[in-house]
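Letters A, B, C and D name the chains as they come in the text, with residue numbers starting at 1 for each one.
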């Protein structure tokens, strides 16, 4: 009936029960770096599967071709962390590309760049305005605008696609897509710069913090002074800006644009972001995860193609790898997490709850 | 204007490596084209490397450029987007590799040769047959429907242009012209709606066979006959169209010969690799034409072997 | 000691229970035995491991060591379903409700009565069952209302109703009264006594020791995940328990040090807002705590939200520090220097995916920026964390721990820190000590005293009547959204608050 | 509540909406969609002389029924807070299997059942991968989309499987009691879906999971089994879709159904079922399907060129939902929606 513990003065145990060092747990490390580890493993194994993979020319080609997807995915990471997504990026890419090539033929490289950025930002603002001012749910707003942007792109290319004139093959504009800087393709350099900037915005600015806070719990964020209108407007505009930049690396590689460019792009972009560990419920995710996922998909694709795997089987392999990559994480959280029953289930549903 | 082709390992009779970048192996049309190309190359004892663009222009540019890096002597390409041929042809020229385009279009680039179906003529043939058949059916309506491919398929649009010009010249009116995006599912719905709009249409032309057969099915489901009530004509000569003509689900189609086109591109590749100048049908555009043929129940046997 | 309790053998026995979380051992060799017909309280500071223990019983947490026995049989719940099937009904500290479903559907979830043939749900029966339980609890909640539309206290009552309707041999309650008003607490305690009479075992967790002394037969004290003592209630005192819990004497709670009142900081003039609030006039002065009393749903929440710009005014006006105060959003209110603590910690308080540090910094982001690019400074963020984790004695394994991994009370402290951080002249506190342990509660009250001494004006809403009386200099009582009483000085009595809240007038005092 | 008298207020019961009223509210959530639908119909009636004919309206309803069938299953999935991206590929695989079995001379019923079984199997695979391997539904069903498309192409060897089967045709062209078969099927399915969602344990549990999955687990609901069942239902509905499309086109092909998944999700979402889960509007899904098909039909009747069709469909979608949001006057609610 009596205490068997010596009473001790308070204040001595600020840290609480046996809290030694606040080291990040394996689980959280895997959440952030898991897909990167898978990517590195794949790269390490690639000489066994595809001996030609690790050649300089091939690596350059992989990096160059995945840049536009990667750049848009950086913006989409913000959107998804904010608890929404943008289904219109394919239409935006088509429209921005058309505008870019029109700009180039009208006034050269500078005007092309200006047109790309302005059109991208414009598309983003339209989405943002629909969502914030007209209160259209983002899914329908961006799905609707996907059709609209593509439609407009088609109207501007009714007499044929906008193309980069063949005699401009040596222009500085084209170099954006084809040049290498110290052996690194310029599109990939741009992608690196976008990720660096995105990281700073996400981690080190008030806006970035507010984007994540809102994604984690819109209601709680509101009481912290976060304006839903501002973050949503910001996020959609940022996606547009990223599409603008991405389109520059895209059209300078394919030299043409019309309404049909990159059909189904939105799904590819959302896929890499989710594969990279960003939760569709918002609040959680990393840019490095997205970055690695972009490369993982590109590398896999390249290896499959180079191994002469037929398109049908490519799909089967790619899909299986997607599942496997995430199953590792799923199984880990399901069975290996100490202390808690089905933590995966519980953790996800907390997010559901908080956003409702 | 086209450069002197490189002769790396292209001495007469020596085995070449030919790279073929195909539009999309999902489609029977291109499976046939691939077969024709591959068999012709194998016959010559060449090495054959295939790349599937999977209907994706990004994959087309990346993959075809990668193909150029694989020590090929000639590139044959059936481009998903001809306008995106620029960077590919540009790189090929720098490497001295001749480019033969198969079907679709050349996008205004300095390719070395292009094999192309006479798409416009296909539309014209379809129109002329349709007009005659409508007369034969004793139908007096002068309304017809035209179902087009996706708006970006500029090559296929020529079929509808040829069709429209010829059918209007014959005194008909195209009351509905809508895009079925090359998809059977869409064409079925479009035909339904077109029938609701004008129940008395006398004929329908679709610029590929999957859409034409689907339109035929919609006509049947509406309680009419796609041969005797509404003359239904497609384009391609796909197996499903031939089956449909046989069973009365389609009046006619205009056949292309994808395998023949493939074989032709290999011949052209050989000439170019040997430094010869091919015999062009159109010198300025470096075009070699592939005939298209009208297939009806009468000459069906010639196509079904 | 209750005779019956002493004789019977334990219904539930826990031996050597250890639970580990990544980086934290939440429970360390804990033992516990509960007998049929016993109310067994578990007490301890925030983060002591109370909820973790209950979650093991409920099959939510899996222990890394230890054994459980239920009715003499080994009991090893692997999932909540096992515990439910074994007759253990748990009311968790954080609600487990379905906001989109009706009250009745929530109460009966998993056990819905339905027709044989059509499988159609028997809503009539569910409604009737709900009404019966709510009658026992003495509350009126519409069984068909959507839970999303309920107030926090009503949600708590739905949780309780759910557990009661399940029945079972063991009823486990984790801070069931934290969100309840006084009358509701009384009713609940009656229910607990009745359960004891029926021979059930009740495990009762609360930071309100007076409740523990009222209903419990024995109390087990946990500290830092360890079993400290199990005391028979009749043989111990509140002070003893507190000492066992926190390892020191705690200053008597509710010690309000009145300060000299200063200028009017916040003035409301005929404010109507939201669904209830009508025509409210009030003033809060610098250095003063103005308490808002009333039964649940009387409009306290709407009052605070109007001040904070979370709901718009329908009419009337507000002045802050002599200037017009018309915030159109919390954002405006924060900019104007209003600190705010929300009553609903889980739904509108914590940012679950963010760390403790990031949660703390949310209200002062602008102040954390440095350099020409105005980037957030990690050093400044850690500064804020250090300041408040010390000041509020927040127990976290580190600044970067996710706030959702903290114990409920520690989450509350983080949110309090967030409300204080802007350091404005007006602080709006909604249920500031809900779920907070007794030691921390005293510290929070001390903090309020310090703030008012420094000239801050505090608007306090608390369903804890003792806290409201003890901490407020003046009390405004609301009923039906209107001010029905203003209590100052000697008028600030329990009886008066209750009388105003329920009858609209003070108890008649001799002239 | 607003009319409450001042002074003493007993502990009042909040949230006075009763279940019948709740149903009215649900209907009202769907009703704003009826407003744009009526507007669209009005415009089309004025702009074309053929819109308001029985034949044409029947066209619209048949097309709407065909997309509503998978839409109803998707409604459950979305009410559960998840969605299934693999439906389009399931359409291809089921169609391919059914047609191949027909070509192999098997009875129509057997061939159709085989197709449906394949659809359900795809759903089962989704459900197992999601619940047992813990893969996010988005990635799991996206992977299945890719894999199943690959399988259908491998299965058909990339070729069309052409059939000519009267019995199969009956599924779209048949008219029991003079009503087109797809409409009959959709109405039956809708009644069943409504009953399931609003009146059965299963339906309430689905909404419970969508409302708060953690609570569903803690309440002891068989969460995994329910989720698997819902994915099987969606797979089955994808199978029905595939069979109907094959019936229309009298062929199976690895290419059919590309992008259909988005159509199925769209009719649900514009019907008012929130992607956040927790509630399901069966009527909304039906209206959503009818709205989409009416727009498409109208633009075809107006002979709108492809580019303008896209723009119009997009703008009308956005406008329909904007009207809905404005009528609902719930600013934050709309914003918090995904």
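We adopt the following convention: contacts are C-beta pairs under 8 Å (C-beta built on N, C-alpha and C of every residue); 3 or more make two chains touch, one makes a residue touch a chain.
This one's a predicted model, so the numbers in the text were calculated from it and none came from an experiment.
Following the contact convention of this document, A, D is the list of chains adjacent to both chain B and chain C. Counted by C-beta pairs in contact, the busier of A-B and C-D is C-D. Between chain B and chain D, the centres computed from C-alpha atoms are 36 Å apart.
Annotation: 42 Å between the Cα-based centres of chain C and chain D.
Distance between chain A and chain D, defined via averaged C-alpha coordinates, is recorded as 28 Å.
With touch defined as above, residues shared between interfaces to two or more other chains in chain A number as follows: 154, 158, 219, 222, 259, 311, 342, 346, 350, 353, 356.
Shared interface positions of chain D, i.e. residues touching 2 or more other chains, are given as 153, 158, 210-212, 214-217, 254, 277-278, 306-307, 309. Multi-chain contact residues of chain C (touching two or more other chains): 60, 79-80, 99-100. Touching pairs of chains, sorted by label, consist of A-B, A-C, A-D, B-D, C-D. The part of chain A that touches chain B in the complex is made up of residues 57-58, 61, 64-65, 68, 154, 158, 160-161, 163-164, 166, 169, 177-178, 250, 253-256, 258-263, 305-306, 308, 310-311. Against chain C, in their complex, chain A makes its touches with residues 1-5, 7-11, 13-28, 200, 203-206, 209-210, 212-213, 215-217, 219-227, 282-284, 337-342, 346, 350-351, 353-354, 356.
Chain C makes touch with chain A in their complex at residues 19-26, 28, 47, 49, 59-62, 64, 78-80, 99-100, 148, 221, 223-226, 228-232, 235, 243-244, 246-248, 308, 310, 329-331, 333-335, 340, 342, 346-354, 358, 361-363, 365-366, 368-369, 374-376, 389-390, 393, 395-401, 404, 418, 439. Every residue of chain D that touches chain B in the complex is listed here, in rising order: 48, 50, 53, 55-56, 59, 63, 153, 158-160, 162, 164, 169, 172-173, 245, 248-251, 253-258, 296-297, 300-301, 303-307, 309. Across the complex, chain C is touched by residues 1-2, 4-19, 21-22, 195, 199-201, 204-205, 207-208, 210-212, 214-222, 277-279 of chain D.
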